[in-house]
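Each remark here refers to the structure printed beneath this line.
When the chains are written out, they are named A, B, C and D in that same order, and each has its own residue count from 1.
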Amino acid sequence: MAAAGAVAVKVRALVPGADVALIERVLNVHDAPSNTTFVCVGDEISTEGQEGFLRGHGTQVVDGKLVATVCGVVERVNKLIYVKTLNSRYNAEQGDVVVGRVADLAGKAWRVDLKSRQEAKLLLSAVHLPGGIQRRRNAEDELNMRSFFREGELISAEVQSVHADGSVALHTRSAKYGKLVCGQLLEVPPNLIKRQKQHFHTLEALGVELIIGCNGLVWVAPLRPDRLAAANAAAGGGAGSAGADEDEAAAAAPPPPPSRMQLEVVCRMANAIRVLTRLYMPVYPASIMATYEAAVEGEVALADMMEPGFLEAVVGQEAQRRSSAMQE
Amino acid sequence: MVGVFGPRQSEVKLGFTDTGRLNCEVRFTSFAAARLNKTELGALESSAAAALQQALEAAVQLDKFPKSVFDVSAVVLEGGGGDTGALVCGASLALADAGVEGLDLVPGCGVSKTAAGELLLDPSPEEAAAEEAGLVLAVMPQLNEVTLLSVRGRWADSELQAGLELALGGCGQLRASMRECLLAALAEPRMPA
Amino acid sequence: MEFVSPEGLRLDGRRPRELRRINCQLDVLSNADGSAIFEMGNTKVLAAVFGPHAVTRRSELREEGALVVCEYSMAAFSTGERRRRGKGDRRSTELSMVIRNTLEQAVITELLPRSQIDVYVQVLQADGGTRCAAINAAVLALAAAGVPLRDLVAGCAAGYLDGTALLDLNYTEDSGGGPDLCVALAPRLDSLYLVQMDNRLPVDTFQAVMELAREGCRTISGVMRAALLEHTQRLAVARGITAAV
Amino acid sequence: MRPIELELGVIAQAAGSARLHIGATDVIVGVKVEVASPSPFAPTQGRLGVTVEFSPCASPVYQGRFGETYGEQIAAAIEASLAPSTRAGGAAAAAAAPANGGAAGASTSATATAAPTPSASGPSWGLDLGKLCISAGKTAWALYVDALVLNDDGNVVGAVSAATLAALVDTRIPKVEVTTDAAGEEEIELDDSPGAAWRLDVSRVPLVVTVAQVGSQCVVDLAAPEERCSSSALHVAVNRAGQVCGATSSGRAGVEASMLLAMTETAQRLAPGLWEQIMRFLQSPAR
């Protein structure tokens, strides 16, 4: 991570499960309010005091009793009882904003890896043609599909529909969707991401663009005033720079190379998300900003953001926030 | 002895790439490596193949051959010291002879450092066995780009630099003779395949 | 060789019906969707689950349910005597099949049509009972990955040496030449998912050994359940779920 | 560089072991010692074997035999850094064999002398395999270094090398005594008590550092996504004094000669500090 020549290397003991211990210590797991019910696979879920129930996700009925099939938190909505898992793959829902990587081309569609349960397809008919022309896609378009998106490229898209068998169809029929270049990609467990009204965030004051994909892939990039225009141009065929992504090296890529300041902000933002992920904390703009600001205020160096010291500070901050929320 | 086959179509199961692929295979004849048992021979062959692949990959313009594969198979007839260097030279010549577009010829050669600190270009087997340290270098002389470097033994800074320069010089000489050889081959009438 | 002393103690000082010390760690690898380390005495097994995801080989796609893929491998340093085990030797292949069969029954595959779950089991230390430890680690990893399971299946071995039924054999006892019974049990459903035995054993003793192994499975399942619950609770708290309610 | 996290003695069945985290890269190295017969090329030396395996737990792509070649390459680089004569010398001796054989017919001694014979003080760097000899030509310790990569987040070579160093420090080799009985047969007695075990001298063991070229910069300790952006890399073995003890290049593109020297220099600057840091940690009482 550091530039060549920096010799200071830290060597320390490996403590397995240090992060978890940290959470436990600071957030007082055992003192947590126990009005929620945790279940483990095979546990019986009590249905007492309820006349009849509806079996939801993560449950099965054995000998007339409701039994959990996943580990998680029991949720009850009227008669429906289901178990919410805390760690599982992304389950697509219509309208979700997602970030994915083009895996390969299959006939008239791109197969996109969303880190989801099943593959997602982006049909050729679901992308804008150059110049926004409205017409049927012909065989020539099919041959030129690689000029839109190539294998290995990152794209942002929206879930158009989820088929009955679970497979996903995407579309990029909006200027905000499309190819992603010159930024960093982060992987977050999808359960840590909350579905929100807005998944595209431009933080103009900092010069950062943030896309929080519902599928757990998060894109952080320096804000380019011309991005929307560039996205259109890229879709307009003849996309030049391919392959190299998600790295500072991408700073060398065409139009105006972001300043060092901007890159630092991007890295700090990315590290803030990494910290949250490591601590199993929800990832949404407010939490990212809080972590980011804590790092700026504490004058924590970029490389030190993953250090135990800062992790502890973040957890401490969270604990404080919660206790004040409780008092209110 | 090196043969080059290709370009041919890539196997579908390997998936799509927009650049070509280079498969290298090296075999030692049983008398070239008589003292080795099967497993040692296998290790030697695979490491030689890896080195060969590395040396050539940068020189062949693979992006001009999308979806295709080249097979380079080499047989070491007699191990007489500096096998890796000779392999690289031979394979590079074979690729050029097969009409594969390349950035440059890739000569390769070795340098040995004796216990007394002397540097020997292209060491003989006895010299190589008695060496204190050695290196193998493959380079594209026209571009001055090193494609393969493998150093063994302990080197002081200045020695390493001197050794590299010596090897670079050796590669320059090799390239000249390789070029002549290719030109001579062009001049000769070809047998129809 | 005497495996059970006159005082009724085994070579490692355990009682015949006693399990070794169990330790479970969850989510140990960052790349995997779910991972777990299951330790039982000196046996230590790591399992990683990737998926469910789209099938990698289309020819293996199953419309009706998920495909479970298993690979079992032993680290070169895991055994007492160092033996270079290439990947894919016969024992590993056999064990991969055994684990796969067990897990395929444990996972509710119908809920995940057209998808694939990769389960990789890596033995870090082997001291008898790797088969069962591998199943336990894999089940923990599956549960940690949020894959729906019929029950918290647990595996346990039992044997019969010196006229005594012994629970959870270690390596020395395992190579003692006596019968060795490996069982995987779904405790709530009370159904057996795997029964494997080598060597001969009288039918009436079999009952006793079987009962012992099932008892062991129940205990192990309990330990695994506690570990999973604690882990779930930690995650929930970190996520602020409890605080929000 | 990213901070390194180390844990020793993780594998009970090994003579020495270490687990190392660097970023999300996670490797376990186990060292095993066994009594074996020495190689016919070097009758007075112990044997050394290095393997590097990628666990499929690291990523599904390592399923089956995939990644074996990569592992072999890393193993060769590490092995060459630990002992000067095993692999490189073996190849040289093999190459020398036909030449000598042709000249001197049955004279096998010619190759034996031609094979690198380290001076009495041991080799100038690496492990002193002469110390691993129990009885010349008959028995010697075989040292097996097995690395298992559980997670790949870049800089695997560096991680394996550092973990190997730590595992070697952790390694205890039992004392043996050779007694000759009446019939002239040699017998080996093992002293299993932990107090009688000796440790290896690691002061000359070099560390392998990977320096990569990204754009026109020399970069060390790349994370996995960064590794995909680098055009070429040089694995340099450097001892604590900063001397180069071997190097291998990898990557798909050529490197300019001047760049190559810059990369070597970077490694030379980095490695001694890293070496000292690791040793200081291993010797600190906090451990």
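Simple rule for what comes next: contacts are C-beta pairs under 8 Å (C-beta built on N, C-alpha and C of every residue); 3 or more make two chains touch, one makes a residue touch a chain.
Not measured: the values here are computed from a predicted model.
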The larger set of C-beta contacts, choosing between A-D and B-D, lies at B-D
Using only protein Cα atoms, the chain sitting most centrally is D
Relative to chain D, largest Cα-centroid distance belongs to chain A
Chain B to chain C, mean C-alpha position gap in Å, rounds to 49
Rounded to the nearest Å, the gap separating the Cα centres of chain A and chain B is 46
Averaging C-alpha coordinates per chain, one finds the centres of chain B and chain D separated by a number of Å equal to 26
Note: chain D sits from chain A at a C-alpha centroid distance in Å of 40
Residues in chain A with touches to at least two other chains are numbered 16
Listed in rising order, chain C residues that touch chain D in their complex are 29-32, 35, 42, 46-48, 50, 56, 69, 71, 73, 75-82, 84, 87-88, 118, 120, 122, 124-127
Touching chain A in the complex, chain D uses residues 1-7, 19-21, 23, 211, 214-215, 217-221, 223, 225-226, 228-229, 266, 269-270, 273-274, 277-278, 280-281, 286-287
Within their complex, chain A touches chain D through residues 1-16, 185, 244-250, 252, 303, 306-307
Note: in the complex, chain D contacts chain B through residues 69, 72-73, 76, 80, 84, 87-101, 111, 114-116, 124-125, 232, 234, 236, 239, 243-257, 260-261, 264-265, 268
The residues of chain C that touch chain A in their complex are 25, 27-28, 33-34, 51-54, 63, 108, 112-115, 143-152, 186-189, 221, 225, 228-229, 231-243, 245
